[in-house]
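Chains here go by letter, A, B, C and D, matching the order in which they are written, and residues are numbered from 1 within each.
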Amino acid sequence: MTNIFPCKIFDSMVRILGKEIFKTTTGTPFLIPTTGTGAWESALTNTLSPGDRIVSFLIGQFSLLWIDQQKRLGFNVDVVESEWGQGANLEILAEKIAADRAHTIKAVCIVHNETATGVTNNLAAVRRILDEYRHPALYLVDGVSSICALDFRMDEWGVDVALTGSQKALSLPTGMGIVCASPKALEASKSAQSVRFFFDWNDYLKFYKLGTFWPYTPSVQLLHGMRAALDVIFEEGLDHVIERHSRLGKATRLAVEAWGLKNCTQREEWFSDTVTAVVVPPYIDSTEIVKRAWKRYNLSLGLGLNKVAGKVFRIGHLGHLNDLQLLGCLAGVEMVLKDVGYPVKMGSGVAAASSYLQNTIPLIPLRI
Amino acid sequence: MTNIFPCKIFDSMVRILGKEIFKTTTGTPFLIPTTGTGAWESALTNTLSPGDRIVSFLIGQFSLLWIDQQKRLGFNVDVVESEWGQGANLEILAEKIAADRAHTIKAVCIVHNETATGVTNNLAAVRRILDEYRHPALYLVDGVSSICALDFRMDEWGVDVALTGSQKALSLPTGMGIVCASPKALEASKSAQSVRFFFDWNDYLKFYKLGTFWPYTPSVQLLHGMRAALDVIFEEGLDHVIERHSRLGKATRLAVEAWGLKNCTQREEWFSDTVTAVVVPPYIDSTEIVKRAWKRYNLSLGLGLNKVAGKVFRIGHLGHLNDLQLLGCLAGVEMVLKDVGYPVKMGSGVAAASSYLQNTIPLIPLRI
Amino acid sequence: MTNIFPCKIFDSMVRILGKEIFKTTTGTPFLIPTTGTGAWESALTNTLSPGDRIVSFLIGQFSLLWIDQQKRLGFNVDVVESEWGQGANLEILAEKIAADRAHTIKAVCIVHNETATGVTNNLAAVRRILDEYRHPALYLVDGVSSICALDFRMDEWGVDVALTGSQKALSLPTGMGIVCASPKALEASKSAQSVRFFFDWNDYLKFYKLGTFWPYTPSVQLLHGMRAALDVIFEEGLDHVIERHSRLGKATRLAVEAWGLKNCTQREEWFSDTVTAVVVPPYIDSTEIVKRAWKRYNLSLGLGLNKVAGKVFRIGHLGHLNDLQLLGCLAGVEMVLKDVGYPVKMGSGVAAASSYLQNTIPLIPLRI
Amino acid sequence: MTNIFPCKIFDSMVRILGKEIFKTTTGTPFLIPTTGTGAWESALTNTLSPGDRIVSFLIGQFSLLWIDQQKRLGFNVDVVESEWGQGANLEILAEKIAADRAHTIKAVCIVHNETATGVTNNLAAVRRILDEYRHPALYLVDGVSSICALDFRMDEWGVDVALTGSQKALSLPTGMGIVCASPKALEASKSAQSVRFFFDWNDYLKFYKLGTFWPYTPSVQLLHGMRAALDVIFEEGLDHVIERHSRLGKATRLAVEAWGLKNCTQREEWFSDTVTAVVVPPYIDSTEIVKRAWKRYNLSLGLGLNKVAGKVFRIGHLGHLNDLQLLGCLAGVEMVLKDVGYPVKMGSGVAAASSYLQNTIPLIPLRI
């Protein structure tokens, strides 16, 4: 009830998370006992009213699910679809923004990193488009599989709501949705008409002022975990964390190439450093790959989802993961590929990855 | 992504939680990554439509908060208020139900155990009233501070939605809202017009059919914790767990009486076995008691909230708590009372409690 | 094999443990994967040769066990016995030392705090006797139930070997014997003829020089635990830790007095602040008290051992324990006393203890 | 003090450890709070007297250390030395046993698996030699890096004392030495004259009879850990655990071969399935390999010790380790080899290992 301890933690957490992880000096973080899906809902219902027109990019399963939520929550969603494996179509965005002299578009919603296809969108470019036309639309970003692993700059890119979950790059258990709102987003929340209660920022803000911080029981254990996770991240250094993801992403792509398989992501500019979706030949069912990896090798790969079901499997490489763990995973993928009849040259992907990594892995600072 | 392990756990969890903890053979449990406040929202938005008339009892801070939610979510709330310290006014309920020939009342909402005042409502009596008038209203129960600690019988009492949270009688970390829906509630969810997405049961039901159980990332760690918590509960035996709470509740009340203080709960029929709200004399600020307990004795008492702020402090006695821990707490309360100038006879409350407990604590089965 | 991480930890550990906990600037600590019994063996076999005359005080079960070890390891033990409940007889020590012009006494062995009877010996007085006669005997001290809870000053009191275990005042799991040797003890180890291998300090010293610190696999997890335990201790402040034990000891003795029972410890100068042995009336079997406490109240009391079997039970109050936990324990003892037919006035001991504690417990610094 | 809980655990532990892990129905296990080095000491001092002649095989650093202990504890050690990389010379044993008509040899001491060189000795063959000459020598076996990972049969092979440590194949923290004594070893302990106290079996046996099991504080946390570790082992099935080690050992050797490096173990009959010592070319210092692995790749390899210092590095593959973890390690070794200038073909070792593993890894039973 008294919430005294969590408050002490929260004081430093809010400063650190905002400034260091989201890279904002003006944003207000909310640490909500929910998942990424709940964080999405929080971003939308606090800033928008039913019927509001929003532009949203459909490029894979997770953007699809967010769009589904946007529709079911009553917004007028102007969907900009790309082929799965491509990034957000920013040309169409530019056209829509240019045409919208009346400012009927209230928000642009984009998934920074589409986990289903391994596509990373160019957030700075979206901001440039909005700025070019001096368009006041709110800029809402799903950073679930990007923030704290990929380069992310809330203030510099003028993001109005950025969100992530505890169980991704922060390497914590599931259960905390982390939402960061710009002053403009907070202003919008004052007039947003969407019905909300559990996800309502106003209740949080009321308790922030009281110094007790939560309108209901917070995830105390996750807050302690967050403090420990941040210690681990800052010991490595966030820049090094991002470099490590970049290295692991490139290593994975080199392996895929060596296997003679195609990356689901169609262009280099969209390559994701946190997840790689691998396209399998038509005669193989990728679901079989994921099942065998789990049942025989204790390896957890991602299924191909929806439009790419059976066609791709996914290798996740985000969070507290090191180079040797990735190489063990790649070796496992090779065995599964052999199991399902793909003529992989054993060791080829590992060799491609390790040849690259051997030259690029830095010394561990505490052990020099 | 594959959710394979959580599914295996879930299979047994759903059966055990429903049958053993909620005591229903027909209800469907939902284990939602949220808090009790989110569980409330889930119960309401899945079964009701904006504008629906509901009867809701205001008897303390937590019922007040739920009513606030009910109003903000757009329902037409017919509030039945009692003095804080009294239980739900069932005579007024009977009148309203009797008068409602047109069945405009869509739901009756009640908090089983009001944590702010230590009042336990008579759930069987509510059912008898509804049955007497053959009224079809849904029966929604907040069991946050009761289920798994107080006697609770979902099927026998015809409860349509019952809910609790992981961090109360189950003694887990915060983060899981547990909601159980009767077939009638599930039926209602098909036509309920409330806007919902994160809390939508239909998404859960869709995944139940698929055998993957969750529409988004579940609280995997809490599911493992739940299994461990249920092991602990069933080792003691749920009946013994309930008896233990009954014993701890009575012991606490005997201590309060010995101190010459008043129980905030006005009648024995409403006495709560999970929390006791103690009224302090007018010349003492109960907030001071809670602060000193925390700062000097490492004792976490509950503040008086809202109408009883400054007037009561609360002793929680639910969850994985034993008799000696309670006695230590009561001894701590005596020291704080002395600190703030109340002329307590040191040891008096402990003596009253321990004299009763000494005759009633059973042997620990595994140690006989 | 590389032992790199434990070494980094050890570096700071050795400095902190020696300087802050043992209060020595010249002593060398050894962190041995063993128990207190192994630490005893390490102290004896590294400094003495078979047949060496040693003076050892028998005042209770733990000093008896150590003497048993001393005899079985082949030393010529000159036992100075006291009635159980009394401290070491220092007058007889003084006589023996005075008479020993030939310096045939090679060591004086004393248990700082006899856990079986709750007797704390006066270590400074032993040193004064040795100094008075300029006697070169080594001074070996069992500090298992004292170091880090009672005032202990290795350098000031000229202790040559001091030892404790991880599972006592340090509040860690069992498994680490901590032995600290003075330069004089290290010098003695060069000529000591006792057969030893596992407990041999020379192997440790060899690895200290190499910078790898352990001659065999160390208790890595306990070393991490030690670092955490020291954090907790230093956050409270060692002086405050010692004051807390003093407070808990006095509170316990006040309760015993209020119950009308006798402290096994016969004089105030020997009162122990880490354990209290309580004498029961002849018509009660103290074993019954310990059994019932465990089986009915989940309370772990200490049995009366050997000469005081059936006659005393023991209340431990050392380590990470706070005032309310002790009061809960005292309330439990009252219930057990009632169970076994002792006419205790319920609440009397708790009242005596809490009346004293209420005035003396300081505020928790981090919460002020 | 009461030790009640550990006793309950111990009851089942002793049966399971003896019967299932050591494969003896007549042996008596002792769970001692110590390390493997302490377990050695326990085996020797309980069964032998100073001056006793024992035959002991020197084949690497760990057998050397045990022999050092045997000598320093005062036994007359008849050392049978082999070149490092070879197994115990059983022909010489046969000669000595054949010649010893007077039965002056009191014990044969052998390390089952020499961790420094990756050599596994043939324990059944030793027994056959003793039986052939009906020689009554005790048969003492260090099973530290073998028991619970390699095939071990105490009764069938007539082993008199077998020992291991918690931190090896059982995958627990360091701190428990597990010693199992045959009836013949227990009989020998009655007349053994070696000075001992901490490691004395007689004290254990006395407490076994009392039903309290420990003569001093046991490693309670490790006993709980042991129960959990045994659950994990029996869920996989001990036979499958041993098969897994056999598979991992072979995979590692195939990798070494593919790298064009030599196994330190000179003949297939001695290949170890728990550790592989790899010989590096003369122009490379293996210490550099171990250091780089740790500092750059977070990979913990074993140093070359003593005679093979600088010449070999070691890959451990025992305990709770799966195929992909090994492959990640092998990929790491390839990168280090490249770092230090060895012309390794990247991916070659991983390919050799994974080509073999892909055909041999069984499905995980709980996931079929």
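Simple rule for what comes next: a residue touches a chain if its C-beta (ideal position, glycine included) is under 8 Å from a C-beta of that chain, and two chains touch if they have at least 3 such contacts.
Treat the numbers as computed from the prediction; the structure is a model and nothing was measured.
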By the touch rule set out at the top, what is the minimum number of steps from chain A to chain D? 1
From the centre of chain C, which other chain's Cα mean sits the farthest off? A
Could you grab the centroid distance between chain C and chain D? Build each centroid from C-alpha atoms only and quote it in angstrom. 36
With chain centres taken as the means of their Cα atoms, state the distance from chain A to chain C in Å. 55
Hunt down the residues of chain A that sit against at least two other chains at once, touch-wise. 4, 294, 367
Could you list, by residue number, the parts of chain B that touch chain C in their complex? 294-299, 322-332, 334-335, 338-339, 345-355, 357-358, 361-364, 367-368
Which of the residues in chain D end up touching chain C in this complex? 1-2, 4, 33-38, 41, 50, 69, 72-74, 165, 167, 173-175, 194-200, 215-222, 290, 294, 300, 302-303, 305, 314
